[in-house]
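These notes are about the structure you will find just below.
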C-alpha cells in the first residue's frame, strides 16, 4: 500500500515536471503587462485604448493606417468616388476567412458598418452624413452620402471605437449590446482564446489567416503571426510592470511612468518603445453653468496664468517624453497649425490677475474636478491649482475617483473645470471638444459656423483652413485648454524581434517573435 | 410571637434557576419553599454548605435576585410588589455586607465615597460638611480613623476593608443588616475582631442581623437563632445553643459532627464515608437528604417532609426527628 | 451536537441575511454610475438609458434587492456589468489565488508564529524573549505594502531570484512550481500576522504557565519539556486556534493591498477594482461570499472548541 | 491629578523601551503642533526644476516629483497622523463604549446590538472602509469615519466583555443593593474601572489606525491626495522606488515608528493591567 | 526522613530583597502527620513550595538552609527529581481542586501520566493502575470515571483525584497544602479521613498545611505554628494544644469559634499580622502580644523547651510561668 502510494506520488511529480518542460519549450507566448483589466473588446462600442490594443490583433477594418497615418486599403482592395463626392464604392478582398471559418463577404461588411453607424462609439460622426450603405456585389460595398465628408476614410481605418468587421450574424444578434467574448470573431492574425478575469486575456495564432502580402507598413500591409499566443495580463502597478519585465516575467509592459525613462533607457535588460502618437491633457471649462460659463475674458485669464511646461515637467518628467505644443496636432501632421497658440502656456500670474480683474472676476470659487485614477491628471491639476492661486484665482480642487468624475461632469452644476486627456486621432472631427454634447457643452455660434465649413466638404485644403480657424477659436473662447503633448512609452524584453522603433498608436505583435 | 416582633417575614419563598448542561435544561431549586421570620433585634444565623440557597435568600430580600414565588414582608408590607417610594425605604432600612472585602469595594473610589454611597444615591446628606461628618462618625464607629476616608481600598488590609464594608451598611443607620459570609475571607484572628465589631454595633444601634455563613462555629457563637439549610430547603430552625447541644435533623447532626475542633483527644480515623450532596442537576424527590441519611425510609424517598414545630420553638423538617 | 450545529448554522444564516441587506444598501449608496464607466466618454443619453434598462438598474432598490436575493438563493450571484460574465465565475477565478495565498500565508504564520512564540515564552525574561517580542512588534507596525515594495525591489528586481508579480494558476500550467509566485506576497502578508500570532502564543503560554495544573504536572515528576508540550502548549493553543480562524478569514480580504502590490488576481483586488468601476453585482457577490466564509470559519472554530476544550458547553 | 500621574511616570521610568516610544510620540506631537515654525519650506511649494533631488543640505530628505521638500511634508504629515489617530480613537470610543456598556447592562438590547456588531465584524474591514470612503467621498473626516467604523466593533466587543465582568463585580451589586440607578452604576463604577483597558485599546487602535490610513492612502482612497499624509506620500512616490528611494523611505519610516511606539506604549500598559481584562486585548485591534 | 533545616526563602530585587521565610526547620516522619499552621502570609505555603522545588522563579528563591530526603540533599534538585527517587520521593496536593487539574485532559490520562513516569508502565497496565488508584481514593465507578473531565466532578472528587495522582508517584512524603480549605465541612471530613488512612496504609510522612487549628488538632501527630515567616512553636499535638507556650498559639486558639461553646464574645488578637520584611528584629509577634515587654521588640527570642520535642521561640512563654 505504502509502496503504491509512493509510486503514485512519484508518477504525478514526473508528470508535473513533464508538463512544466513542455510549457517551457512551447512558450511562444508573449506576455504583455497591461495597465489594467480591459473593458469589452467589442471595438465598435468602446474607445478604451487597451481594448483597441488587444482587439486590433483579432479584428480588422477596410482600411489601415500606414506609418505616416495615411489610410491604406486593407480588407478593401480600393475605392472609387463619384465626382460629386457623394457615392463611394469599395471593393473587398476575396477569400478572407473569419475565425469561425466563414468567408468575409459584402454582407458582413454592410452589417458591421450599419451597426457601427447606429450604435458604435464614434459612428454618429459619420452616419449623419450617410444616406445608405449597401452591398452592390459579393465583394463590393457602396456608401452613399448626403453631403461630402472628408473624414470617411480615416474613420474606416481607425479601430478605436471604429467599424471593425464582424460576421453579419454576430453583429445582427448583438445589436446595441457589446458582443460577448465567445463571439469575438474577426479576420485578424490572432483569434480569441480565453478571458480570465483579473488574470489575463489570451489570443492565439489563427492558422487560416489570409492577409496581404505587401510589406508591412505601419498598420497596413502583411500581418504575420510569428507568436503562438499573446497573453494580456493586468498589472496595475507600474513599478511591478517594470520589475516584471526586468525579471523576465513579462515580455512587454505598457504605459511606463515618465520618471523611470532615464534609468530604463540605459537598462540592457529591456528596450524602450516610444509612442509615435502623443496623447494630450485637456482642461475643460463649463459653458453651461458657473462663473466661467460665458465669461471668455476670465477664461483667457485662467489660460494666461498657466505654465504648461511646469505641469508637463512635473507630471511626465523626462524631457524626451513631452513637448509643450499648443497645437492640437504634432508638428509634421497634416493638421498641424499654430493658429492661436501664442496664448498657450504664458505662465504669467501678474497678467492673469489683471485680466481676471478686467473680466470682473469677484473671487467666486472655481471648482476644478480631477480624478486620482490618472496620476498625470492629478499632478497637472496640482500644479495648475498652485499657479492659479498665484494669479489670485480662487481655485478649489475637487478630487474624486474616475467613475465619480464621469458622473459628476455630466451635471453642469457640479463643476467649473475638469481635467482629462485625449488620445491620438487621425482627424480633428474626432476631437471631443468639437462635440456639442460633450461635457463642457461648447456650442457657440462662431463654432457652429466654422464647424459647418469644416465638415461640409471633402476638400482637404478647405478643411485644414477651417480647422485652423477652429483652433484659433478654441484659444479665444477657451472651451478647453491643451496641456501639451505627452509621448507614452512601453518597455519590452530585448528578446523580442520585429518590433518597430515606435509603437505608432497601439503596439501590435504581428511580425514579432520571441 | 406577635406581628410587632417580626421585622421581616419570608413566606414560601421560591427561587429556581435554569441551567443548561449537555444540551438539557435543568431547573435548579436554589430556594425551595422557605418560610422564615426575623425578629426585631435578634441575630438570625443561616447555615449550610455551598449551594444550599442561603446566599440566594439574602439576595432575594434586597432584590438583587428576583424571587419566583412567595413573599417577603418588611414591617408587614410586601417588598416584592412595592412602588419606588417604598423601594427607597427598603434600600435605606435593609442593607447588605458582602463576603469578599476585596471585591466589594470599587478600587477606583475612595473609602469615604464608598461609605457614603447609599446616602449619595438617596440624597440624604444636607451638604458637604454634613456628609464629611457622617462619614467620619461612621468610620469611627467601625474602629477606623476618620482619615481613612481619603484612602483607597488597595491601601487597606483585609480586615480594614471589611470594616469599611460594614461602615457602608451603617450610613445612614439601617434596621436590618444582611451579612453574607462577612468573615469567611478573613484570617481567624481578624475574623474574631470583625465578629465582635458586628455584635457590638448590633447592640449599640439596636439593629437586626441576618448572618449567613457556612461556618457553624461562627454562626453558633454569634446567633440567637439558627436556620439550617440543605439543597434549598430549610431543614431545621432553633435557638442557637439548643441546636448545637441537641441537633434534631440528621443533616444538622452530620454537619455538627463534621466540624473539626481543637480537641487533641478527638482524632480523625480512616474510612469515613458520608457521601456528597447529590448533583444539583438531578431532580430529587422526597427528602433532599434521603440518600445520605442513615435513617432514610421509603417515606423519605417519596415525600418531602414539611417544616414542623418540634416544641421549644424548634422546627424540623424530617419524618423521623 | 447536531442540534448545536443546526442552531449555529441558523444563526449564521440570519447574520448572512442581515448582511445581505447591509451589503445591498451599502453598494447602492456608492455614488457614480456603472453605465458611464462602461460606455466611456462619448455615450449619448439614449445609449445610457438603454443600457440602464437592460441591466435592470432602472428598477426600484427593493425590487432590485429581491431579484438579487432570489437569484442568489438559486446559486446565481448575477452578471458582472463590466465583464458581462457570471459573478460566480469571476469569484471562482479569483478564489484560487486568494485561497492559495491565504493558505500559504497561513502556513508561514503557523510555522513562524507558533514555534517562535513558544521559544520566546520558554525563554521568558531573557534577551532572546525581549528581542523576539520586539521584532514581532516591529513587524506588526510595518505597513504591508512598504514591505512588499522593498521585497520586490530586492528579491525580484535586483537579485532576480523570484518573480516580481502576477500568479499563473497552479492547476492550469506550470504546476506547483508556480507557488513561487506566491512566495513574496505570502511573506509580505504573513509578516504582521505571524507577529501577532507570535505574541498571542507567547502571552497565552505565559498565562497558562501560571496555572495551578501546570504546577500539578511538575509536582508529579513530569520532565519540563513534556510539561511545556503537553500541558502548557496544548492549553495555550486553545486561545490561538480561534485567532487562526479569524486570521484566515481576514487574510482573504486584507490581502487587497498585497494583491495590488504584487498584481495578483485575487478577489480582494477584484472588489477594489469593481468598486472603482461601480460593478455592483461583483462587489455584492464577492462581499457576500467573504462574509459567508467568515461565518463558516467562525462556526468551524466554535465547533472545533467542542473537541479541543471539553469544558465548553455548547450554548 | 498628581496622584494618578505619579505612578504613570514611575512606570515608564522602569520600562526604558516603552519610554522611548513615549518620547517619540511626544516628539511627533510637538512636530505636528509646531509644523509651521519647524519646516524649512511650505509643504506645497512646487519647484519643478529641483524635482527628485536626493537628500542634501537644502533638502534634508530630498524632494519629490513636484520638487516639494520631503522633510517639510513629513513634518506636516505628522499632523494628519495625529488627526487620524485621535479622530479614529475618539470615534471608536464614543460609539463603541456606549454600545458595549448598554449591551452588557440590558441583555435584551444587548442581544440585538451585539448581533449587529457581529454582522459588522463579518464584513471584511478594509473593504468596508474602502466602500465607505467611496460612498462618503474622499476627505480626512470620512477617512476617520471609515477606519473608525472598523474599530467601533472591536471597541464595542471589548467594552462589552469588560462591562459584563464589571457588572458581576460585587461592588456593582453592592451599589444596586443600595438602589443605585443604571446611570449611577455606569458613572461611578463602570467607567472609572474601564479606563485602563480602554486606554490600552485606544493605544492599539491609534497604532492600527495609522496602518489602516496608510493602506487606504496607498490604494488611493484615503485622505485627499493633495494633503501631505505619509500614506499619500508613499502612494505618490512608489513608482520612484528605484529612481528616488528616499521618497519612500522617510514617510514609511515615520509610519513604522509611530505605530511601533504606540504598540510599545500599549503593550507596556497592558502588561501592568488587571489580568482579567488582559486576555480580551489581544491585538484584536486589527 | 524528610528534614528541612534552617530554610530561608527570599524575594524581591536588590535592596528591596526580603526574607519571606526565615530559618524554618522541621522533620517529617514515616506514618506521621506534621501539621503546619499559620494565618495567610505566615509563609507556610511558600515553605511547602520550597520543599517541592516549585517556588515561582525568579520572584522567589531559596537563600539558605537545606532540604534533605533520606539524608540526601535535594535543595538544588529540579522538581521531577524530587518526585522520582529510588525509595519514593515527595509528592504534593494543592488547595484548589478546581484549578489544579488540567481541564482539557480526562482525569485518567492525568493519572496515567504520573504512573508512566514512576512505574514505567504503559498502555493497559498503566490504565489499570490508574483505576486501582481511583479505587484506592474511593471514587465510585472508577473505570468510568477515568474518562471523565475535571469539570464533570465535584470538588471533593477532584481532590480525591489529586490524591490519586500524588499516590501514583509512590511517594514516601506527601505535602498537602490546604487541601480541604475549598471544601464543605462534610466533604472535608471525608478527605481528611482518606489522607489519614493513606498515611497509615503506605507509611507515608505527611506535611499538612492549613490555617484551621481544628483540622490540625484532629489530624496531625505533631504541629508547627508559623507566624511572620518563622516557626514560633512546635510540638506533639496534644502537648501543644493542652499547654501552648507561645502567646500567639494561645491567642489563635482563643479566636477559633466553637459551636459547642455557645453564645459569647470572641477572644481576639489585636492588630494584624506583619507583612513580610516589616519587622526585622525582635519578636515578630511583639506588637500584638499582651505579654510583650521592651526586650521583645529588641532581641530575637530564644528557644524554650517544655519536655521532649515541644519548643517555642518566646521571651515569656505562658504555660511555664502560669
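Order as written gives the chain letters A, B, C, D and E; numbering starts at 1 within each chain.
Just so it is clear, a contact is a pair of C-beta atoms (placed from the backbone, for glycine too) under 8 Å apart; a residue touches a chain by one contact, two chains touch by 3 or more.
Remember, it's a predicted structure, so these values are computed and weren't measured experimentally.
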Contacts shared by chain D with chain E include exactly B, C
Consider the two chain pairs C-E and A-C; indicate the one with the greater count of contacting C-beta pairs.
-> A-C
Starting from the mean Cα coordinates of chain B and chain C, work out the distance between those two points in Å.
-> 54
What is the distance, in whole Å, between the centres of chain A and chain E, each centre taken as the mean of its C-alpha atoms?
-> 90
Computed distance of Cα centres, chain D from chain A, in Å | 44
Find the geometric centre of each of chain B and chain E from their Cα atoms only, then give the gap between the two centres in Å, rounded to an integer.
-> 31
Residues of chain D engaged with two or more neighbouring chains | 134, 137, 238, 241-242
Please set out, as single numbers or ranges, the residues of chain C touching at least two other chains.
-> 31-32, 149, 153, 157, 260, 276
Listed in rising order, the residues of chain D that touch chain C in the complex are 17, 115-116, 118-119, 121-127, 130-131, 134-135, 137, 207, 211, 214-215, 218-219, 231, 234, 238, 241-242, 248, 252, 255-257, 259-260, 263-264, 267, 275, 278-279, 282-283, 286
Any idea which chain C residues touch chain E in the complex?
-> 125, 211-213, 215-224, 230-231, 234-235, 238, 308-311
In the complex of these two chains, what residues of chain B are touching chain E?
-> 49-50, 157, 159, 187-193, 195-196, 199, 214-224, 240-241, 244-245, 254-274, 276-277, 279
Touching chain D in the complex: which residues of chain A?
-> 237-239, 242, 257, 259-260, 262-263, 310, 313-314, 317, 372-373, 375, 378-379, 382-383, 385-386, 397, 399-401, 404
State the interface residues of chain C toward chain D in the complex, per the touch definition above.
-> 15, 18-19, 22-23, 26-27, 29-32, 134, 137-138, 140-146, 149, 153, 157, 192, 196, 199-200, 203, 207, 239, 243, 250, 252-254, 256-257, 260, 268, 271-272, 275-276, 283, 287, 290-291, 294-295, 298
